[in-house]
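What follows are several structures.
What follows is chain A paired twice: with chain B in the first complex and chain C in the second.
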Partner chain A sequence: MKTRRIENGIVTAFTLLAAACWVFPLYWAFVTSIRTDENVVAKPGLLPDQFNLSSYADAIFNTKLMIWYLNSVGTAVIVTAVVIVISMMCAYALSQIRFPGRRLLYLVVLASFMIPAQALVVTQFILMNDIGAINSWAGIILPQLIVPVVIIVYKQFFDAVPKEMREAAVLDGGGEYTILFKVYLPLNWGITTALAIVTFIGVWNAFFWPFLVVTSEDMMTIPVGITQVNDAFGVAYARIMSVAMLAALPVVLAYLIFQRRVTEAVMISSGVKG
Partner chain B sequence: MGVSLRNVSKEFGAARVIEDVSMDIPTGGFAVFVGPSGCGKSTLLRMIAGLEETSGGTIAIEDTDVTHVEPAERGVAMVFQSYALYPHLSVFDNMAFSLRLAKTPRAKMREMVREAARILKLDDHLDKKPSQLSGGQRQRVAIGRAIVRQPKVFLFDEPLSNLDAELRVQMRLELTRLHRQIGATMIYVTHDQVEAMTLADKIFVLKGGIVQQAGAPLDLYDDPDNRFVAGFIGSPAMNFIAADVIGRDAGDVVLRTRGAEAHEFRAAVADPGLATGAEVEIGIRPEHLRLDAAGMPVRVEVAEELGDVSYLYTRMADGTEIIVERHGSRDRLDGETVSIATDPRHVLVFDRQGQRLR
Partner chain C sequence: MAMLENRRKKNLVALSMVAPFVIVFAVFFLYPTLKMFELSFTNAPLIGDGEWVGLDNYRRLLGDRIFKTSLWNNAYFVLLTVVPTTVIALGIALMINRLSGRLQALVMVLFFLPYVLPVSVVTQIWAWMLDFQFGVLQPVIAVFVGKPVAVFKNPDWVMPMIAAVTIWWTNGFNVLLFIAGLRNIPSELYEAAALDGATKRQQFRRVTWPLLWPVTALVLTLQLILQLKIFDQVYLLSGGGPFNSSFVLLMQVYREAFQLNHGGYSSAVATVLFVLIAVVSVLQFQLLRIGGRR
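Then we have the complex of A and B:
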């Protein structure tokens, strides 16, 4: 009994320590963001000694943060919507429709899942350049539309639906679109929500590709824009941190609202990856 | 004809699952496909539904060739063993699903669903989800979904096997009632010969993808074509005893069981092919055996008393199990040796290939 309690205590302490390690950077960013730039350097303390929102005002009014927001929201929403729709339809076809080349096509999807995005960056950049999509939403969006893991998760879901469900719908006079949108998807909207959230967060946080494809400040997404705050104002920690806080805000809100779904989603997609 | 099959066959890769099946089911008839698991009943039904393509032969519904017609256009509705209800839709919407797809006007749709719900006593459950219903109610929703489509042919694939015994008996009666009420052609698949006997006006016994015999339930019971049908139809099953033909006497064939304590049976069989010395198997139903001091001695292992009837599970000297049905007598016979006999007209004879000799 007693050793049990000690063990529990150790585990709890450890978990708390790990959590603290995770939280500290966020906490530090927040504390820094509500200081004035002078104070950040002059008296860096662990405890918040000031509540000054001037750096937020600065970030909002003296940078292109609002435009970056718009770019981020716009591209993330479009990518998420397109990825979800084409992936569910692709997965449905791979899972439910018998056509020649079906297995090969699925292998291609699986194979593209194995290739790290970085390996394609140069080709993609050249391609985007050729079609004149550099410094545009199209350039940010197009290469991000390929998310094999969403197809794989959807396919596994469709594969698991009992065959009779489909046959009942076929006999009821349903075509493939009816079966997909009126029977299969409504069976578990949770999967679609979860995949949409994960995709959205992924696109929202994407840095590498948008950073490469966009050079004009007016086309930047938030993560790319943050790098500009530096250049425009010299090293201004409070301002950088307040932009970072603002950048994270939508994701944090989304997480708080859909907490359970996000956890589910991460588990579903990591189940596939792992 | 409600449904006609001509030389229908089905192969899955190299496996031949249905072999050259031809059958006619009259309009308004209730046909049952019965046979052991894996004999191809479901496959045959699904071919009629159009869910499986035929490898050969033709299928006609109401005299129209539908062999290559889409499932939804054949005028058939199917009730699945797993019910296959749409779990996200209410009972009403489950039943209305096909009508919505067919763009039925709202008022008409409502009327049709309500009518089906009334027939199936689902009126109070129309707003519920399938998960809120009992097994029997779910089954009724599945049937309701079929009814609203007003199909020419209803197809049932073991619809009652997920229900408990009591409910199964009740639903069986309701299905018979429903058939009388609607009057549509129905085809019903089951591995349970009791369901087949009680529901069908025509039974098709299948084994290995071949129709072993087709006919009215009692015809199959009284006059089976082969050993398989004889053994499959009837509960408890027919008794089979290995025997040799030893001659003829006054129009009857005389047969003798094998082994040390051989016993003679007579069978009213005219077949001239039954020569002396032929090895055969004789079949006698439990209810046709009676206790008779002049009969064949058997030892009673277990006696099951059901009140009105009792079953004696006995063994012959060579170990062959013989079941005897008795009425009106409750004396304890466990462990005793009794003698049994029957009438020649109740002794069926099967050749070594299992074909009945008449």
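Then we have the complex of A and C:
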């Protein structure tokens, strides 16, 4: 029994060591960001030896970081809200209303899983050009509005709502929209927040499409914009790491605050937990 | 009559609920897909019309050395990431599963954290970690090969290093799936196995592994699809170089369309990628059905 406990202790210690190594790059990026550039190239040790925020100030005042923040927040919030609402309505109709074409539509949703959006960028770009949406929020937003998995998850949750709830609401004379927003949505707030957060993180982090559709620095989102800082700064790692920290901050905070919800959403949307 | 009226009204309500999704899907997804197929048979530039050239673009692909390099690099990248990340994620999930309470939650957060970062943050951090002159990992590399290496400028190092960065970034997702899978295994099975005198190793082989197989299959196929679509990390870390040694399919789509102004040819490359991923996805779907899901 005693050897078992020692063995357990060793495995736990190893796990913690592995976890520490795994987050080391983040730690190192942070430590670098609070040093001065002169100190960084002098190769100091692994422990923080300085608390200097000048490179953060530099990043905030001498780059377009704040404009990129605005673009990221704006587009990510709009995409998230629209995705949640249109997916919820579509899933509700698929789950609760019998209408012609219902099965076909569900098949289309399932099939759209298999469409790699990345392969469509060329023709999506041409389309955006045709409607004059290059270098605009609309251009960033529109092709990101399809997230089939949100529909699938909502449909599963709506399917699981007891039929009596719906019948009672129908007897009360509620229309479908009333039933959805007054009964089904309140019953599913948990999964709604979970889906909204992972959608938000996903859109905030989107790189390839915003990178293609935006060429003007003033319209860039955070993940695209910060690569410009790289070019502008040359080798100035303290400043580059400060920018990286600021770019990651919103999603890291969103994750840490809603950690359980994110975990739940990841597990549910990949089908390993019903 | 009233019933017919009623049904019509119901259909209209349903239509109004699905319409936003259907319209967005048709305009921004379906249309570009069909347009991509069409364009791949023309010699159109990125913006503007072209002429119908039949299968010329596809014929050209067969002799295109960069296309072959890209295909090979995509395959190489899949090889470098898919199985390794699955094995690593399973190992980490097993380690986390032994812990409990707050410690478990903390360790899970630490392993998952990189996954929520934007790709450009990830690449900037790793470009710094592996910087030729000042990178904190260069002494580690020097221990193994005797000297520092400019990893993203070296044809032999570039793909494995991008793969390593990718695994670090995305592995947390797979860890979560494995943890969910492990939690789904009823603890009675372990108790029964222990009563029958099964050792830990036997328990893993006879209980954990078979019951975890559906999740493992899911992780493998999800990763396969994800890694076929690789672009961001490569573009940001190596730009496809040196000497095209990290050039991948999506990068060829990008270069042909946006740098060389070959809309038609680029669409042909995109179509190949599209079909490749669609086939893998259908296989995945079948696999999941056999696994008894959905």
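Quick note on the criterion: the second predicted complex is superposed on the first by the 260 of 274 C-alpha atoms of A that agree within 3 Å, B and C clash if a C-alpha of one lies under 4 Å from a C-alpha of the other, contacts with A are read in each partner's own complex, and residues count from 1 in each chain.
As a working rule, a residue touches a chain if its C-beta (ideal position, glycine included) is under 8 Å from a C-beta of that chain, and two chains touch if they have at least 3 such contacts.
None of these values were measured; they are calculated from a predicted model.
Just to be sure I read the superposition right, which of the two partners does A:L256 touch: chain B = first, chain C = second, or both, or neither?
The answer is second: A:L256 touches chain C but not chain B.
Just checking: does A:V79 make contact with chain B only, chain C only, both, or neither of them? Give me first, second, both or neither.
neither
Please indicate which partner A:I201 is in contact with in the superposed arrangement: first for chain B, second for chain C, both, or neither.
second
Return first, second, both or neither, reflecting whether A:L187 touches chain B, chain C, both chains, or no partner chain.
The answer is first: A:L187 touches chain B but not chain C.
Using the superposition on chain A described above, determine whether A:G174 touches chain B (first), chain C (second), both, or neither.
Once the two structures are laid over each other on A, A:G174 reaches chain B alone.
State whether chain B or chain C is in contact with more residues of chain A in the superposed arrangement.
C
In the superposed arrangement, does A:E164 touch chain B (first), chain C (second), both or neither?
first
Determine, under the contact definition given at the top, whether A:W22 touches first (chain B), second (chain C), both, or neither.
second
Going by the contact rule set out above, which residues of chain A touch chain C in the complex?
8, 11-12, 14-16, 18-20, 22-23, 25-26, 28-29, 32, 40-41, 43, 46, 85-87, 89-90, 92-94, 97-100, 102, 105, 108, 110, 112-127, 129, 142-143, 145-146, 151, 175-177, 180, 201, 204-205, 207-208, 212, 222-224, 226-227, 230, 237, 240-241, 243-244, 247-248, 251-252, 254-256, 259, 262-263, 266-267, 270-273
Under the stated contact criterion, what part of chain B meets chain A in this complex?
49, 51, 71-72, 76-78, 80-82, 84-89, 97-98, 101-102, 145, 149
Going by the contact rule set out above, which residues of chain C touch chain A in the complex?
Per the touch definition, chain C meets chain A at residues 10-11, 13-15, 17-18, 20-22, 24-25, 27-29, 31-33, 35-36, 39, 46-47, 92, 95-96, 98-99, 105, 107-114, 116-121, 124-126, 128-129, 131, 134, 136, 168, 173, 176-177, 180-181, 183-184, 215, 218, 222, 225, 228-229, 231-232, 236, 250, 253-254, 257-258, 263, 266-267, 270-271, 273-274, 277-278, 281-282, 285, 288, 293-294.
Using the touch definition from the top, list the residues of chain A that touch chain B in their complex.
Touching chain B: residues 162, 164-165, 167-174, 178, 182-183, 186-187 of chain A.
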